[in-house]
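Below: one structure in structure tokens.
Read from first to last, the chains carry the letters A, B and C; within each, the first residue is number 1.
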Amino acid sequence: MVAVPKPRRGAITGKRWVFLVSLGLMAGLLFVPAGHSDYLNLTFRNILMYAAMSYGWNLIGGYTGYISFGNVAFFGIGAYCSAVLSKAGVDNLFADVGLALIVNALFAVAVGLPILRLRGHYFGIATLGVALGLTDLASNLDFLGGSGGASIKQIGEAHFTTYYYAMWAVTLACMIATFFIARSKLGYAFVAIRENEEAAQVLGISPTRYKVTAWAIGAMMGGAAGAVFGAANGFIDPPTAFAVDNNVFPIAMAILGGMGTASGPFIGALLLSGANELLQQHFLKLHALFFGGIIVLMILFLPRGLMYLVGLRGGMRRWLSDLAVFRV
Amino acid sequence: MQLVLQNLVNGILSGGILALVALGFSLVYGIMNIINLAHGAFLMLGAYITWQLWSTFGLDPILAVPIAFVVLFAFGYGIQRGVINRVVRAPVLATFLLTFALSLLIETTALFVWTGDTRGVQTAYTGANFTLLGVTVPWAKLLTLVVALAITGILYLWLHRSRLGRAIRATSMDVGAAQMVGVRVAHVYGITYALGAGLAAAAGALLTLSYPLTPTMGDPFLIKGFVVCVLGGLGSVEGALVGGLVYGIVSSFATQFDVTIAGQHLSGTGLQDVLALVVLLVVLIVRPTGLVGRATA
Amino acid sequence: MLRIENVGMRFGGLWALKDVSFEVERGTILGLIGPNGSGKTTMMNVISGVYKPSEGEVQYAGRRIADVPTHDVCHLGIARTFQVVKPFANLTVRENVGVGAMYGRLGAKRSARDAFARTDELLEFVGLARVAGRPASDLTIPDRKRLEVAKALALDPEILLLDEVMAGLNASEVDEALHLLRTVNERGVTLIVVEHLMKAIMSISQRIVVLAEGKKIAEGLPQDVTSSPAVIEAYLGARYVKRQAAERERKAAAPPAEPPA
């Protein structure tokens, strides 16, 4: 007899209960500032920041299936938006985020129209090129402070708390937006393109239009996180804004938590970024070694992410045989 | 005219080494579809091995090239067989992250072993030039170019003439078919990655003649190697060579660019890499198979 | 309603179609047949705007298909299935069809909820309701074919191009499929049916166009077409050669049945 798999529900947002747990955890994270510790605020703000960036990547990489290696560009642009506004005498988080959203959306559309015509690795390479080009460009533009960087005026007395809440709000917005986008017609267009672009096209979906949409919404997510980060950090320079880590970690997080799901980036960020922060605290110098090791292990043993393990039927044997598919 | 000639020569001199940097990267990509983010780290290891041999035994960097090559060849083979081969058939993201993590591990280790201090190698010919037809040529760079071209030539011949080289090329064309005719794919992949690492190390060894050493010195070269590969067409020796020379010459001439727009000073020296990346994007969009690639994609 | 005028399609040095013209009347069923590699699928691709023809043009409702972006062809009322099925493997059957209902001809007017309501009707109609919640990757071959048809129907087409949707079905499944297609046609949808099964195509088509090596070699009523010498030659010729080849292969592979005395 053939085993009948259970009908799946909510395939497009991920498992419902995982999303509810994520929302619950988000609610819990509201109480971090109650600890009255700048260190805690900073640590969890970083985790939330990575989650938001991962959400930005997830829309184009996870949902639409276009693997971007350059999403840090949007984060960097967002951070520089805060710097530019601060220089112009505007020190307001809403303005920072607002400008980042607009600039990133415009930039993403302008860049996306040509490069989203590329498929597979070529798209990935092009996005990496965009991110690297921006790094060098920022180093050479005096009004952005060049390679010396630019400082951003900090606001408020309890600014750690303020910025923490701001990042929390950005991340929550990303999470909820992803959930609703995924369930909407828009989400189905993204996923259809990921699954089979030609078939999607014949069903009336304009690949260019929806790819650019996914890319631009993701850009806005990364940009919002960048704007808050810039303001919170008080200083921004090209290596910070366009850090390689910030390009790669969000991808690792989305993979671990579940690509193309509404809670994957959050779960992934909580685990990976959490581990990174812990390691950094305990092994200041060695933490990169541990962190690299964690990513290596994750790719070797959980290349399909955590949810694969949760849904695994057939135990160790099945796990190993699923892994064996990838080796030569 | 003099200026044009000088820029052309500078471009060719730096293009040769870029071609060598790109070569290993391109090989790994072309044969296994791996975007090897550890390539820069291998280059850095090659440079530090060379520096270590020079500072301990006074060995000339040129003589250290084969040693660096062999050490990293073995290292690369081990990594491919032990780690990367396990996920080489997974979506490209897996190897992308894996090689990134490997570079993180290697660079952090290097930071422990050699510290973050900037190092350099001094030889009798360091800083020495000669002038021909009014064009200044640094000996170190000329030597680098000659060795880089020699290595590229040897690799080309080896890939086309030797049994293993042919097996590698066959595998890149059709893994299934290669397997069928008895090619041991795991071994071929190991050798390919080993070659990539060895070539990176050779480039790193040569670079000690003209660049300072730090544990992150490989990062910009990884990026340049990347651009060069795409320019020339990913996965071919000829492509890497042409791409390297084009990149070298374009960025050499780019240094002449110097304008001020609305109080914003833009100098070509600072923007060479931006220019290179713009060229990369244009090439990708207009001709994704690269300048010498076959237009089949 | 659909006019194909002197269409030619070249791949490198090969003309997959050359100077093919025919028309399809509203509400009819046209059979498109021909030996393997004769250009049937290519014709489907040209009509549905997936390929731009190298020569000639396809006109539908007064528009040149080549001028319409591929993703808008279905909004004109033309839907097609793929011979090599292209399911969205990680989506459920219901979601697969739902995407069509959301983005097809009437999709703009539908919310996601309305689209799924329409989807449920369609799944019932094509007999996929029992597997609605399964991922498309789990389906059997006949169900995958049904899914292709359901996705195309979800576009609310005026004209539906079916590329070998009956291949791989058993006799009773073929009968079911024929019944389904007739029902679709009775609801006012024009059909172009590509099929190798002669019996099926003869019974359902009102007119038949025959392609061979990219050229139209016959057109007319089913019984007239089958008696045309050109068609017999194209078919028997091809079959004959094939049978010969198979025969040779069998002889080469198998040892002689009886040892020589």
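Just so we're on the same page, contacts are C-beta pairs under 8 Å (C-beta built on N, C-alpha and C of every residue); 3 or more make two chains touch, one makes a residue touch a chain.
In this text the structure is predicted, and so the values were computed from the model without any measurement.
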With centres defined as the mean of Cα atoms, the chain at greatest distance from subunit C is chain B
Of all the chains shown, whose C-alpha centre falls nearest the centre of every protein C-alpha atom combined? A
How big is the gap, in whole Å, between where the Cα atoms of subunit B centre and where those of subunit C centre? 50
Taking each chain's centre as the mean position of its Cα atoms, how many Å separate subunit A from subunit C? 42
Whole-Å gap between the CA centroids of subunit A and subunit B: 30
Can you list the residues of subunit B that touch 2 or more other chains? none
By the touch rule stated above, which residues of subunit C touch at least two different other chains? none
Residues within subunit A bordering two or more other chains: none
Contact residues on subunit A for subunit C in the complex? 5, 7-9, 11-12, 183-185, 188-189, 191-192, 195-196, 198-207
So, in the complex, the side of subunit B touching subunit A is made of residues 33, 35, 83, 85-94, 96-98, 100-102, 104-105, 107-109, 112, 175, 185-186, 189, 219, 223, 226-227, 230, 234, 263-267, 270-271, 273-274, 277-278, 280-281, 284-285, 288
Considering the complex alone, what residue numbers of subunit C touch subunit A? 48, 50, 69-75, 79-80, 82, 86-92, 95, 98-100, 102-105, 107, 111-112, 115, 132-135, 138, 151, 154-155
Subunit B partner contacts - residues on subunit A that touch it in the complex: 67, 69, 114-115, 117-118, 120-122, 124-126, 128-130, 132-133, 136-137, 139-143, 244, 248, 251-252, 255, 285-286, 288-289, 291-293, 295-296, 299-300, 303, 323, 325-328
